[in-house]
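Each of the next two complexes has chain A plus one more chain, namely chain B in the first and chain C in the second.
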Partner chain A sequence: MKKYFVVSFDNEYDLVNATQEFKNSGFTLLDAFTPYAVHGLDKAMGLKPSRLSKICFMFAFIGLTIGLYGQYWISAVNWPINIGGKPWNSLPGFMPIAFETTVLFAGLGTVFTLLWRTGVLPGRKPKIYAPDVTDDRFVIVLTKDLRSFNSEKAEEISTIHHAVEWQEKLESE
Partner chain B sequence: MANHVESLRKPLVHGNKNLKTVTDDVVGIMDKKPTGLWWIGFIIAASALTLGIVAVSYQIMTGIGTWGLNKTVGWAFDITNFVFWVGIGHAGTLISAILFLFRQKWRTSINRSAEAMTIFAVICAGLFPIIHMGRPWMAYWMLPYPNTRGPLWVNFRSPLAWDVFAISTYLIISAVFWYIGMIPDLATVRDRAKTKVKKWIFGFLSFGWSGSFKTWHRYETVYGLLAGLAAPLVVSVHTIVSFDFATSAIPGWHTTTFPPYFVAGAVFSGFAMVLTLLIIARKAMRLEEYITVKHIENMTKVIIVTGGIVTLSYATEFFMAWYSGNGYEQFVFLNRAMGPFAWAYWIMVGCNLLTPQFFWFKKIRTNMIMVFILSIFINIGMWFERFVIIVTSLHRDFLPSAWAMYKPSYVEIATLIGSFGLFFTLFMLFIRYLPIISIGEVKSVLQFKGRHGGEK
Partner chain C sequence: MTTENINILTYPQKLWLKIFMGLGVLTFAISVFTDPTRAWLNLLLSGYFLTGIGFCGMMMVAIHYVSNSGWDVVIRRVPEAMFSVLPIGFVAMLLLFFGMHDIYEWSHADVVANDPILAGKSAWLNPMGFMIRMVIYFVFWIWVGRKIISRSHAIDLDVDSSQPKSPTGLSAFWLYIGGIMFIFSSFDWIMSLEPHWFSTIFGLYNFSGMFTSGLAFIMIAVIFLRRTGILKDTVKIDHLYELSRYLFGFVTFWVYIWFSQHMLIWYANIPEETVYYIKRHVGVFGSLTVVNILLNWLIPFVILLFRKTKRNEKSLLIAASLVLVGRWVDLYMMIFPSHMETPVFSLIEVLMFAGTLAAFIWVFIKDFGSKKTLPEKDPYLEESLQLHT
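Up next is the complex of A and B:
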């Protein structure tokens, strides 16, 4: 059974400062829970920039390839039709649709990757460590499995940074 | 100047909100009984929608011979409505994506409703070409799919085929952008829900969102990427719509200024529609502290700019007609201003050129009733712009023997009213049943006046 140390704050500044200090003091951060995307918390938690922008580029490239090659194959290979004497491969005329497929693939691909990677999917139940994180609470969750977990130090840091409350939690599931 | 700097530092929402009150206010709307104004709006909208359903059913059963079209004027009301509604949608994406990329924090109170408006407007727009087909059950023929007719594929060199891709991509990406932006707020609603049914519905809709920062971190990246994708997309959509005209060889349509002219016009009309809707919504839903006079003022300023671009486009068209030395072009433009449809042309000029000029005055910008009335004038003017472009160019053909007039039938007018009904019904349902204001994003800008302003 996993043990957690859960600290709640009522504003983002205390949260960021406390996170920084927990990190510096060698605690293992499981995650933080916030009502909105707090700026600067990613640096405090030591999160690397997301690789999703590369995924987006990859999907955009796939979309562009499918858009361009698809139109070429249909118009020039599979069933060429003479329309106003235009060339089978009317590349400039294919650009608008190629652009749209690029955007479509990039957008949908990135979003589905996000949902799959973060596990935010229809039918999922949220893991809630402390109440009101979607309302007005900012919560840090530390893993307490290690022997080296220093409870006194953790409580001290929480007090210094005006934590509203802190508690130990066992994983219920 | 000092006054100006001070006004920049004003908080983005009024009434000394903290995180809790933002949640209470926005989610509270969904628990409270709707105001009388909401019911009035909803009943009018639903009646208009009913009329539209009757009209569309009738014309689909009878055929589009019920319209006032003839051999010369083959496009009129229907395509006017299509271009009008696509244009309306553009303001939503501009607010949600382009203002996001420019880090305009005031957008946070209005982006959700503006995006919803985009989706509803694109739905209205998409209906018109489908009705225009006459046999809407064959609509899927527009998509390239392997079939037993050859396979006979769609013609990718046709701007009408570009439209299919542009509009459907726009609808899909806007809907995804809107929904992804709403997931954290749906989780807020879920966590406050009291009844079992509501808990279940919002539990499902919020996809198990827990507020995890690791998720937020990736989410923010994706939100930025989607904004970056939506910004060129929105420009491409109305550009492609303008290609429907510009790639033809009809005088008055065959011009290279059409793409920027259409995009500016779309933003112009879209912002007018956002104003119309938000002035109703802030009153009906008591959101005056979130959608403040400042928001309304900012939007009227966008209207001044885009209205200016539209005015310049009108002037450019006339100049180019004269400068080109092309007799057909010159005739079309003189006919626009002085021919049988001159009344429509002068309504367009009156509404689109003069109305925005009132917004130079702060007294008018901050008077909600005035802004509401003026925004409706712009809506009317921009509808007539498309009508003028389409009908005046067609009704005087190259051969005077083919000249004809156009008069809309009651079926076409009922369909237009019906599309407004659909749009407003969807919007009224949206402001009643979903978080109309982006709770998470408003919370993130509350701190705007926080530590730096000396107040926690």
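Up next is the complex of A and C:
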């Protein structure tokens, strides 16, 4: 059974500073929970930049290829039709649809990748470490490793950064 | 409040600016006698270029007031100083009155009388209306724009007097009316070079080019002012990152509009419309069209695609410079094929454009140096200083 150390703050600045200090003192951060996006928090937590934009680019490229090749195959290979005297393989005319498939693939692909990677799929039951985070609290959750977790140090850092409250929690299935 | 005259440029730099301005004026003065059509086309290009830059300066200020954005406060004085170039654009465009007959076919009464299409358009396209509209555009842009700027400065000047007036409403007014005027100005000045041809998206096409070149100028100016140390403490790389995202978006917007105009005309294939692109797709003009797209979209797009390059001064300088040169090529492609069979490019074009740029930099630096470089009492200043991206 895992144990967590949950610290709540009432503003974002304390949260970012405390996060930084927890990180520097060698604690294992599980995550930080905030009511809204806090700038600079990812840096304080030491998170790597998201790789989602690369996924987005790949999906966009696949969409572009499918859009262009699909139209080429339909209108120049499989069933050539003379439209207004234009050549069968009319690239400028293919552009709008290729653009749309690019956007469609990139958009849907990115969203579903994000849902899959973060596990926020429909029907998932959320784990709530501190109910107040859904209102106005800023919460840091530390993983409490029994051997090396220094509770005194953690409480000290929490006090310095004006934490509102801290508590230990057990993972309840 | 005192004005602080900061010496941004060194003496030799100022001298070079003066030399280039003088050479530009001299080139124009000589070539207007030797080759009047070319001289006037060059003046039109320069004047329109400067007008676009000045317009973009005010537009950026107004957009940020209307959208209530906070990040731009530390660089607000840069687009404000850019706006001060609009009077020079005004003078250049007013001079066109004397060259109108050399470049605008519709300004000849006898030609219009024998041409049913031009006669039908003469209610809009006539010398009198052309000049009156030009004056209305510029007076509105400059007069209302100065009011918006003075309200921003009033916040700084008034220590404890009455509540300063908000520039937001006026900005919305300026954007709405001024934007429509910009569209009409591009119809008047550029599209009417070929009066038989028309394109309803032409104003938007020019708008997108104006936006990208203005953003490129803001970016170069901010990087330069950071390097000289004036904005070093206040402007972070995050502000440049915001600007580069703007630029990234709007170079793509430019090619989107360029392609929209091109594809619809290509698809419909109506002779009165395709005549415009036939001139621009054969010979050397044809290769210039490719260069135009490379400079204005493809190369800046690839450069600005990555987060790392968007946060690097050097790569931003390269992208912004390419966009600026691209704007010149873009305007060249709009203006010159109307009167030239093949592209002309020699010392006349180079010197007149160099003179234009020198005049712009001169006015910009002068205006920027005569005011406080930071809106110190702006309510959003703190938010802007704290920008994280």
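Here is the rule we go by: the second predicted complex is superposed on the first by the 172 of 173 C-alpha atoms of A that agree within 3 Å, B and C clash if a C-alpha of one lies under 4 Å from a C-alpha of the other, contacts with A are read in each partner's own complex, and residues count from 1 in each chain.
Methods note: contacts are C-beta pairs under 8 Å (C-beta built on N, C-alpha and C of every residue); 3 or more make two chains touch, one makes a residue touch a chain.
Since this is a predicted model, take the numbers as computed values, not measurements.
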| item | value |
| --- | --- |
| Chain A as common anchor, with chain B and chain C clashing or fitting | clash |
| Touching partner for A:126 - first (chain B), second (chain C), both, neither | first |
| First, second, both or neither for A:93, with chain B first and chain C second | both |
| Greater residue coverage of chain A in the superposed arrangement, chain B or chain C | B |
| First (chain B), second (chain C), both or neither touched by A:40 | second |
| Touching partner for A:170 - first (chain B), second (chain C), both, neither | neither |
| Region of chain B that runs into chain C when the structures are aligned on their shared chain, from 145-153, 217-225 or 253-261 | 253-261 |
| Common interface positions of chain A, toward chain B and toward chain C | 39, 49, 53, 84, 86, 93, 96 |
| In the complex, chain C residues that touch chain A | 259, 262-263, 266-267, 269, 307, 388-389 |
| Contact footprint of chain C on chain A as seen in their complex | 39-40, 49, 53, 84-86, 92-93, 95-96 |
| Chain B-touching residues of chain A, taken from the complex the two chains share | 11-13, 31-39, 41-42, 45, 47, 49-50, 52-53, 56, 70-71, 74-75, 78-79, 81, 83-84, 86, 90, 93-94, 96-97, 99-101, 103-104, 106-108, 110-111, 114-115, 117-128, 131-136 |
| Chain B to chain A touching residues, read off their complex | 18-20, 23, 144, 150-153, 155-157, 159, 161-162, 165-166, 169, 172-173, 176-177, 180, 183-184, 187-188, 190-192, 203-204, 206-222, 225-226, 229-230, 232-233, 236, 240, 243, 439-441, 443-444, 447, 450-451, 456 |
